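The two complexes that follow have chain A in common; it is paired with chain B in the first and with chain C in the second.
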Partner chain A sequence: MIAEAGLALLWFAAALAVLQLFTSLMTLRGGDGSGEMGGIVRPAAIMQGPLVALSFAMLMWLFIRTDLSVLLVAANSHSAKPFIFKVAGTWGNHEGSMLLWVTVMALSGSFLALVERRLPERTMIATLAAQAFVSLGFYAFLLFSSNPFERLLTPVAEGNGLNPLLQDIGLAFHPPTLYVGYVGLSVAFSFAVGALITREVGPAFARAMRPWVLGSWIFLTIGITAGSYWAYYELGWGGWWFWDPVENASLMPWLAATALLHSASVLASRDALRTWTIMLGVVAFSMSMVGTFLVRSGILTSVHAFAVDPERGTFILALLTIYIGGALALFGARASTVSEGKRFSIVSREAGLVVNNVALTAILGIVLLGTLYPLLTEAFDTKVSVGPPYFNPVGAIFAFPMFVALAIGPLLRWRSDRFGRIGKRLILPAVVTVIVLGGALMFAPDIHILPLLGLGMAIGLGIASLVPLFGRNLLRTPLPTYGMVLGHFGLAVALFGMASESAFSTEKLVAANVGDRVDVGPWSIELTSMEPVAGPNWTALEATMTARYEDGSPVMLHPQSRTFTQPQQTTSESALSTRWNGQLYAVVGEEGADGRWQLRLWWKPFVPLVWLGGLLIALGGVLALIGRVAGDVRRGLQRRRIAMRRESKPLAAATTGPAE
Partner chain B sequence: MHMLARLALFATLIVSALAGPLAAQDQLPPAPYAYRQLEDPAQEAKAQELMETLRCLKCQSQSIADSDASMAGDMRNQVRLKIKAGEDPEAIRGWLIERYGDYVSYKPELTALTWPLFAAPLVLLLLAIMLLRRRFTRGVGDND
Partner chain C sequence: MTAPDAPKGKRWAIWLPLVLFGAFFALVMNGLIRPADREIESAMVGKPLPVFDLAPGSPDRPGLATDAFRQGRPRLLNIFASWCVPCAAEAPQLDAIAKSGVPIDGVAIRDREEDLARFLARHGNPFASIGKDDISEVQLGLGSSGVPETFVIDGSGTIRYQHIGPIMDRDVAKILAEVERAEKPL
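Up next, the complex of A and B:
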């Protein structure tokens, strides 16, 4: 019954989406009774959220009970799996993750319909029409080609289990985080379409869209950071970014959202870059769709692609074509009627943000091309690979100029400024950058060009990002400014971690007997013992290593070579020891013929800064979001107070108004 | 029918004959340099840098430097041995491409098929400049 209830709820929600689309389109067309129709749009949107959430709860319940009469549970779960992974297993598969996507989408639709009242009602109706149109595609995809509630004719005795690589707490919460981000961009897309339809592209539209972009950007940032850390400690080879197609699929929406975030702030503050912002809104959502398409269709087989099914891929491809094609067609038809807005000087804050936008869009283009190019050449019967030797230098061509603009831009005034005014404030970061570059060349003459520039830039950028706060009253500085400073500082921190890891990591591969001592970097590590251990659904050989940093006190490390029973697979569980200046990474591999154990050890100076930086960037986003939302709420209350006062004392308000 | 059946039997025999030694090969100890570094740190650094840009053909989006697959181990062994023998990393890459095709290298070569990858950054830059050029004013106060 649970499965059937879940499916029924989903059908109800889909029907409401049809109603939402129909009534909103009728309202936009105008004519008889369109006013009453308009009254239905919001309630129809609001109801979908709880319905789909309930449906998702049903699926989760099935997973928790391990109901093996349901196909999805039987294929992906196992009764002996730990509780938390039964819960996470709900979305650790194709159908469940699509239901999660739709759940988040419906909840955002409800929230949007419930609270957003600043835009003209017509624009809102158009926005909700676009939202309903997008949701309908996903409802159809779920109901017709990925029904998560499908029953088995005869229940099986035991489930297949979850991929052991995915049985990890970090990964359990990685996909939902990304999905929230993707869905937030779908709302931004709906806003863009709504504004295009009613030709209301202006600061009010940018302000209404901005919290959604910010929110989804925060989740994407956290999701990418967490995914990178997961790959780092779970795959057991110490790499943290592989330019894997699935990683790229999550990076592309992030790049687009970052650009959108910055151009929306230009539009909100200065009423400039109108069509550009709309285009980025379309691109950002397209990228999240492309991301889903790449991952879900299995067109790119990679470590993450746990759904390989071309039929669904075709369905998603069709959706993709309809949405992106439709949006681009609308954009093409309407863009010429939207003027680009105010102009600005080449030395102005807008110009800095334009550099940011161009660079981010270019990097996005490169990542997209590099990711899809192997597919294109495969059509010509040649398989090529595009990897780090392409992405790193080509991305850097655009990233480094962007970092320079990032150091300068926030100091400039809107509209027009002079370099002479801000030159003095940039002396310190510039000098420090040069010193770091020189120092790095002196102490590590063989350092490669990218890590070298990265180190210098990171330090200079770190200082420059704080310069906007110099000489300001820190108590009266608005929260969004703190958000910007923290976000930029976080980028510098992450850049330093990346550069340091790639310049200074040391690696040691050895075959060791119990009792042997190995040195890696400043560490000395002794293999103390090897013992078998067992978990709920795995057995493992666990090494005990006694590690000392220089002459410090010993640290115990316990890496495992773990064998899962269901499905059968061996994974390396790495062991990490984190210090302020880096991380020791230890992996134990197979036993050799001579009884020695295969050990892999890395000392990676400052590598945790990569993820710390990512979290700081997200935290900056949170501050900005809180600041913006609080500002909106305050202004809303003020407006209402003024309106109420006018209503109660119309005469007095009219005569004493200005003196107040 | 009869002939088909005989063919099938023949095929099965061949497959089992082939599978025997293959399965046994998996049990052999890995190649000496699969999990061992070169003695000379400079050579090892060179090998490591090259290995990070070679695809493990049996894995999904992993370089041979990041994989436990036995084929990746074999390839690491080959790369290290060749570096030890003093060969140039790019020559080794060329040799591997000749053996396994372009697919093995993560570093796309500039060919008739891949030139768009290298033209793209330029095109993107020009496009962006063209799109946004008209946004800038020369002086102050020139609004719209």
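Up next, the complex of A and C:
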């Protein structure tokens, strides 16, 4: 019954989405949005959230009970699986993850309909129409092509297990985090489409959209950071970014969202960049859809592809074409009728943000092109794979100018400014950058150009990002400013980690007997023993290594070569030892014919900064979001208080003009 | 400023994103339509069945040899095992296909006779013959990497189609269409 109830809830929610779309379209045709039909739109949207959430809870319940009469559970779970992975198994597969997507989407729709009251009601109805339209596609996808509640005619005796690579705590949080990010962008998309329909593009629109973009951007940042760390220690290859299609698929929406975030703030405070912001709103969601499509269709070869099915890919492509093609056509037809925004001079904060936007968009284009390039050449019967040799230098061409703009931009005033005014404040970061460049060349003359520039830029940027706080009253500085400073500082921290990792990593691949000693960088590591160990659903050979940093006290490392029983698969569990100045990374491989063990050891100076930086960026976003939302709430309360005062003193109201 | 808010003269640029999206669409459609050189399942399609001669896996069915597939009629070759859960999931669909008149031969991978008997008793036995492959030789020869997999073999013993994973309801039509296609020689 649980499965049937879940399915019924889903159908009910889909019916409400139809109602939401129908009534909102009727209202838009009819006029001002206050008609009887218009009254149904919001409640219809609000109800969907709880319904779908309940349906998702049903599926989770099935997984927790390991109900093997349900196909999805039988194919992806196992009664002997640890509890947390039974729960995570709910979304560790195609159907479940789509249901999760729809759940988050419906909850956002509910929230949007419940709280957003600042926009003109007509624009809001148009936004909810777009939201319903987008949701309907996903409901259809779930109900017609990936029903998670499908029953087996005869229940099986035991489940099939979950891909061992996915039996990791990282899985429990990574995909849901990215989905929240993607779905947040779908709300931004709906806002953009709504604003295009009613042609009301202005600061109010940007302010309404901004928290959604900011929120989803925070989740995307965390998702990418966590995903990168997960790939780093789970795949056991010692790398933290492979320019793999699946990674690019998560990076592209982030790039678009970052650009959107910055252009929305121009629109919100200066009423400029109107059409551009609208387009980014469409592009950002397009990129999440394109990413999902690339990952799910299996059209590209990836190391992270866990849920591949060309047929589903086709369905996503159809959805994508309807949404994105439709939105871009609407954009083409309407954008020229959106009146032009305010102008600004070539030296101004707006201009700095334009540099940021152009650079981010260019990098987005580069990543998209690189990701699709194998497809392009395949169309002409050549197989290529595109990797770091393309992405790193070509991306850097745009990234480095962007970093320079990032150092200068926040110091500039809106609308118009002079370089002479801010020059003095940039002396310190510039001098430090030069010193670091010189020092790095002196101590490591063989260093490659990109890591070298990266190191210099990172230090300079780290200081420059703090300069906006110099000479300010720190207690009265608004929270969003702190958010910006922290976000930019986090970028510098991450950049330093990346540059240091690629410039100074050392790697050893050796075959060792028990008792052998290996030196990697400042570490000396002894293979102490190899022993079999067993877990709930795996067995493993576990190495014990005694590692010493220079002459310090010994650290024990326990990398494993793990074999899962259900389904059968071997994975390498790496072992890490983190110090303030870097990370030691150990992997144990196969036993050789001569009884020696394959060991892979890396010393990666400052590599944890890559992820620390990512988290700082996200934290900056959180500060900005809290600041913005608190500001909105405060303004909302003020408006209400003024309105109440007007009601109690009608005479005063008459003199100050009509209420909103 | 130039790029973002284009002046009136550059309004054509507004359509640029749509054009780019059109190009993207054409590219991936092309990629989706011709998956031939991308998927593993196609490696053996068009090639003749490898030569094998397997002992019977079940007392009431004959064993299976390559010659069985050269009788002029298309047949299905199903790679399965009693220990495989998705094989149980596809059993009703295999039954339906067998009932519609397409002969199916099974190759049981690394199986025991008593397990196999229990599996067939429980999930039905749609197979005309069942070969016992204890060392995965046929499986490897066919370029198949897991169970279950199903091959459409035409009347001259040539592999015409490979289906990876369990045959679900939605796959039955496709399989039957491939069998029909295999009626005509290449």
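Here, the second predicted complex is superposed on the first by the 646 of 660 C-alpha atoms of A that agree within 3 Å, B and C clash if a C-alpha of one lies under 4 Å from a C-alpha of the other, contacts with A are read in each partner's own complex, and residues count from 1 in each chain.
Please note the rule applied: a contact is a pair of C-beta atoms (placed from the backbone, for glycine too) under 8 Å apart; a residue touches a chain by one contact, two chains touch by 3 or more.
Just so we're clear, the structure is a prediction, and the values are computed from it rather than from any experiment.
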item	value
Which superposed partner A:L509 touches (first chain B, second chain C, both, neither)	first
Touched partner set for A:S572, first chain B, second chain C, both or neither	first
First, second, both or neither for A:R343, with chain B first and chain C second	both
Touched partner set for A:T481, first chain B, second chain C, both or neither	neither
Which of chain B and chain C A:A351 touches, first, second, both or neither	both
Touching partner for A:W237 - first (chain B), second (chain C), both, neither	first
Touching partner for A:A272 - first (chain B), second (chain C), both, neither	both
Contacts of A:L328 with chain B and chain C, given as first, second, both or neither	second
Partner chain in contact with A:G387 - chain B first, chain C second, else both or neither	first
Those residues of chain A which chain B touches in one complex and chain C touches in the other	272-273, 276, 301, 340-341, 343-344, 346, 350-351, 354, 358, 383
Residues of chain A that touch chain B when the two form their complex	235-237, 239, 242, 244-246, 272-273, 276, 300-303, 305, 339-346, 350-351, 354, 358, 361-362, 365-366, 369-370, 373, 377, 380, 382-390, 394, 397-398, 415-416, 507-511, 572, 589, 592-593, 598, 600
Chain C partner contacts - residues on chain A that touch it in the complex	71, 74-75, 152-154, 156, 158-160, 263, 272-276, 279, 282-283, 286, 290, 293, 297-299, 301, 310, 313-314, 317, 321, 324-325, 328-329, 331-332, 335-336, 340-341, 343-344, 346, 350-351, 354, 357-358, 372, 375-376, 378-379, 381, 383
Sites on chain C touched by chain A in the complex	1, 3-6, 8, 11, 14-15, 17-18, 21-22, 24-25, 27-32, 35, 37-39, 85-86, 88-89, 91-92, 122-123
Residues of chain B that touch chain A when the two form their complex	29, 35-37, 48, 52-53, 55, 59-63, 65-68, 101-108, 113-114, 116-117, 120-121, 124-125, 128-129, 131-132, 134-144
